[in-house]
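Structures incoming, each one as structure tokens.
Shared between the two complexes below is subunit A, which pairs with subunit B and subunit C, respectively.
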Partner chain A sequence: MLELHDITAGYDRKAPVVRNASLTVAPGEAVGLLGPSGCGKSTLARVAALLHRPESGTLLLDGEPVRHWRHRAPRDLRTAIGVVFQQPRLSADPRLRLIDLIAEPLRATGRRDEVPDRITELTPAVGLTPDLLDRRPHEVSDGQLQRACLARALVLRPRWLICDEMTAMLDASTTAALVAAVENYRAATGAGLLAVGHDQTLLRRWCDRLLHWDEVAAAGMGKLPRASGLREPSVVPPAT
Partner chain B sequence: MTVTDRPPVLSVRGLSVRFLMPGGRRIAAVTDAHFEVAAGECLALIGESGCGKSVLASALLGLLPSNAQSAGQARLGELDLLAADERTLTRTVRGRLIGLIPQSPAAHLTPVRTVRSQLEETVGALTDARGRTAVRSAAESAAERAAFPADHLDRHPHQLSGGLAQRAATALALVGDAPLLLADEPTTGLDRDLVDHTVDELRRHVDDGDRALLMITHDLAAAERIADRVAVMYAGRIVELANTEAFFGTPGPRHPYSRGLLDALPERAFLPIPGMPPELGDLPDGCAFAPRCEQVTDACAALPPTTSHIACHHPHVPEDLRA
Partner chain C sequence: MRVSVALVGGIVLAVLLVPPLVQLDQQAVDLGAKLLPPSWSHPFGTDDLGRDLLLRCIYGLRVSLLVGVAAALTATVIGTAVGATAGALGGWVDRGVMRVVDTVASVPHLLLGIFIVAMFRPGLWPVVVSVALTHWLSTARIVRAEVLSLRSHPYIDAAVSGGASRWRVAVRHLLPAVLPQAALAAALMVPHAMWHESALSFLGLGLPTHMASLGNLIQDARGSLLAGQWWPTLFPGLFIIVPTLAIAGLAGAWRERINPRRRSELML
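Showing the complex of A and B:
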């Protein structure tokens, strides 16, 4: 299980962008989290991906409470989660060739010897061709770079995948191809998925269960009238 | 095939753009594009990133980099945009003949100045309004036409929501009363509700009958909502030009690439087109879609001519037309 309980998080203590958010993803389940842009859903996704430390609340990964985030998170937890973001150009190191971009997590975790096999498997799985692997990000299209970012997210065979607006910048065919690559990986490994986005049609088609932001979290900053005091705790959606 | 019977505002004939790369490589970014847009009409140019649609827009605005060569014609009234010099482009084309609605309004607006001051500056540059009061009221009326609220005029761009920033950018594009509006991916990154809202507002500026709108987008739902006609681009060529209703409804698209693109939508089959688009620096001699096409035959090794607005040797034939 990936469980987020009563998470409050943000960048300014006085105005958290996420308040009292809770959701769970069961192993093998695909959960879509739908919300307008700026609602805080990406911040919650970063908390779940161990990339942003919440101010309060708990994250349980397969029953184990997470106590440290970012580089302080224990390696076995970090390698259990793969993340793909909206903008590949912001998340990919522009100096790295695609092959190094994909292989880097293996090298960083001392699994260098797996590189050739994983590259051979993942290149066709995400729809890349071997000739593209030697190029740097500026020499490929947004769609090709996002395919490489997905391969990187899968390279350590994570049990959990977090896709934050993975396809928002992409055309219909590349979107369908990337979602198919994620689903093939999940079918083969039983990984769970949290897909965050604003496209209801897409998430409905992709996921087993769809959550709306306002049933996951209390109203965010600016929307919560100060005078009304504390909100009711948000409802934890039942896990299937 | 224009929806109105008016003469076209923009008429593009045989437009091609080549980039000359170091080492003598040539990139065929746009090849032999033909289309027209009339007043009161919206044409959506659709295709995936890297298909050449943004290069085509840059060519119309005279914003190609120095290593680009263009050929063909793009007539806007009496003027051929491709032959115009920089002085003409700056003084009469950008803003006056073509109003540009940019992809990222936040990047287009100057962060340190209020919306009012940017509008007033544009009014001063593009219209005959002179004197504080006249400029002020012209700026306010441009804001009003774009439904930008008057009580937000003194705000800075970062104080605006995505929707209001988009309206501020639209107001700037409307100031010069240009006969052609060119919208470059105006809905990228917006939520669906805001996409609908943005394209409905753009449509309103066309529906008053004086302006033509060319919208460049990879968002098929936005194209369906706003456009009278769609032009599908693949590997630098317009491979299909169709009425929006026929394209998205029945009988549906006829070019195999267009059919694949619609089938990829999550509300349809959600099946990707196999493979990836070709490199524009290394296009095959025949049909560029051939390696991905289910209908491919030996004939496709020759470049398909454009017949009835479709560039394909074996276009889809709707059921009821089959003998």
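Showing the complex of A and C:
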């Protein structure tokens, strides 16, 4: 189980972006989290992926409470969760070829010898062709880069997948291909999924269970409307 | 730009090739030929001991360039290490390190440089150390700022999530990203370091006086200038100004290329 209880998190202690949010994902389950832009769902996804330390609340991973985030979190916990971000351009190191991008988690965790096997396995699974592997991020399209980012998230065989608006920038056919790749991986491994997005139609078809932001985070806690399209609400002072 | 390339190329060739090729002793004293004005046999004239000034200038430039490059590289390595550490670790480490940087930066750097050289015997390396220890600050600031902005990038998040250690994130993702900025800072620092070498030598604190450095040459020439002999001052002076401007011009063109819209913090 991936359980978030009563999470409050943000970038400014005085104005947290997420207040008292709770949700659970059972093993093998696909949960969709729907919410408007800027509501804090990405921040919640980062908390769940051990990338952002919440100010309060608990995160339970298979019943064990998580006490540390980012580098302080034990490596096994960090790599148990694969993350795919919204913007492939920003989530790929521009200096790495796609093959290195995908292999990087294996190298970082000292599993170099698995690189060739995993690459030959994952390349067709995410719909990349071998000739693309030698290119750098600026030489491929957003869709191709996002496929590589998905392969990178899957390369360590995570038990949980968090897809934060994974397909928001992509066309319908690439979206379908990426979702199919995620679903094939889940069917093979039984991994749980938290898919964050704003596309109700997509998430309804993709996920077993759909949650709206209002059900997840405490309502009526003085959450303020924010201008849409701003990714980092913390840089904009709340309108009063 | 082309002028700068040609000048820098010519200077590098001259300081590398002339000493082994001409086999002349720059220290050769000829009191019979002292303080000769420029002529065909001595294009830059001679100094008060009859030494050929063209040869002395080239040897001086060689020493000054060596000091400049060595000091700039050392300063850049120190600055990059400090800036990257502060930026990557953040928190109290960052605050502590940056306060130290501010403190060092609050002391006039020429004064601090004089203080450092004064602790050693005159020589080449004390000057390098002195210039390096007073010039890593701006690089540290630039690198720290760059690392801070990179640290919040999703690709760093992805690396953390992929199990990368702090060290691996720094070496694999952060350092390669700041390297162009650091190299640019180093290139911009070379002329600055050369000026400092000249200044320290001119004050008599830098290189030993027998060593032909541009600062020493001008210092030696002071007496003759008052007596109306202009060439021992003019030519070494030009040898400081022209190469440093050429290097600065090249580095400036490079800066425009790697970040066209942003003005670097480093100004000459």
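Following the convention adopted for this analysis, the second predicted complex is superposed on the first by the 219 of 240 C-alpha atoms of A that agree within 3 Å, B and C clash if a C-alpha of one lies under 4 Å from a C-alpha of the other, contacts with A are read in each partner's own complex, and residues count from 1 in each chain.
We take it that a contact is a pair of C-beta atoms (placed from the backbone, for glycine too) under 8 Å apart; a residue touches a chain by one contact, two chains touch by 3 or more.
Small disclaimer: the values here were computed from a predicted structure and weren't measured.
With subunit A as the common reference for superposition, the partners subunit B and subunit C occupy compatible, non-clashing space.
In the overlay built on the shared chain, the residue A:95 is in contact with subunit C alone; subunit B does not reach it.
Contact with subunit C, but none with subunit B, is seen for A:83 once the two complexes are overlaid on the shared chain.
Looking at the shared chain after the overlay, A:202 reaches subunit B, while subunit C stays out of its contact range. Of the two partner chains placed around the shared chain by superposition, subunit B is the only one that A:169 touches, whereas subunit C remains out of contact. In the overlay built on the shared chain, the residue A:109 is in contact with subunit C alone; subunit B does not reach it. Contact with subunit C, but none with subunit B, is seen for A:75 once the two complexes are overlaid on the shared chain.
Minimum C-alpha separation, subunit B to subunit C, in the superposed model: 15 Å.
The touching residues of subunit A, counted against subunit B in their complex, run 36-38, 127, 129, 141-144, 168-177, 179-180, 198-202, 204-206. Interface residues of subunit A, counted against subunit C in their complex, comprise 46, 49-51, 70-71, 75, 78-79, 81-83, 85-87, 90-93, 95, 104-105, 108-109, 149, 152-153, 155-156. Residue ranges of subunit B in contact with subunit A, taken from their complex: 47-50, 162, 188-193, 218, 220, 260-262, 264-267, 270-273, 275-277. Across the complex, subunit C meets subunit A through its residues 153-155, 157-166, 168-169, 172-173, 176-177.
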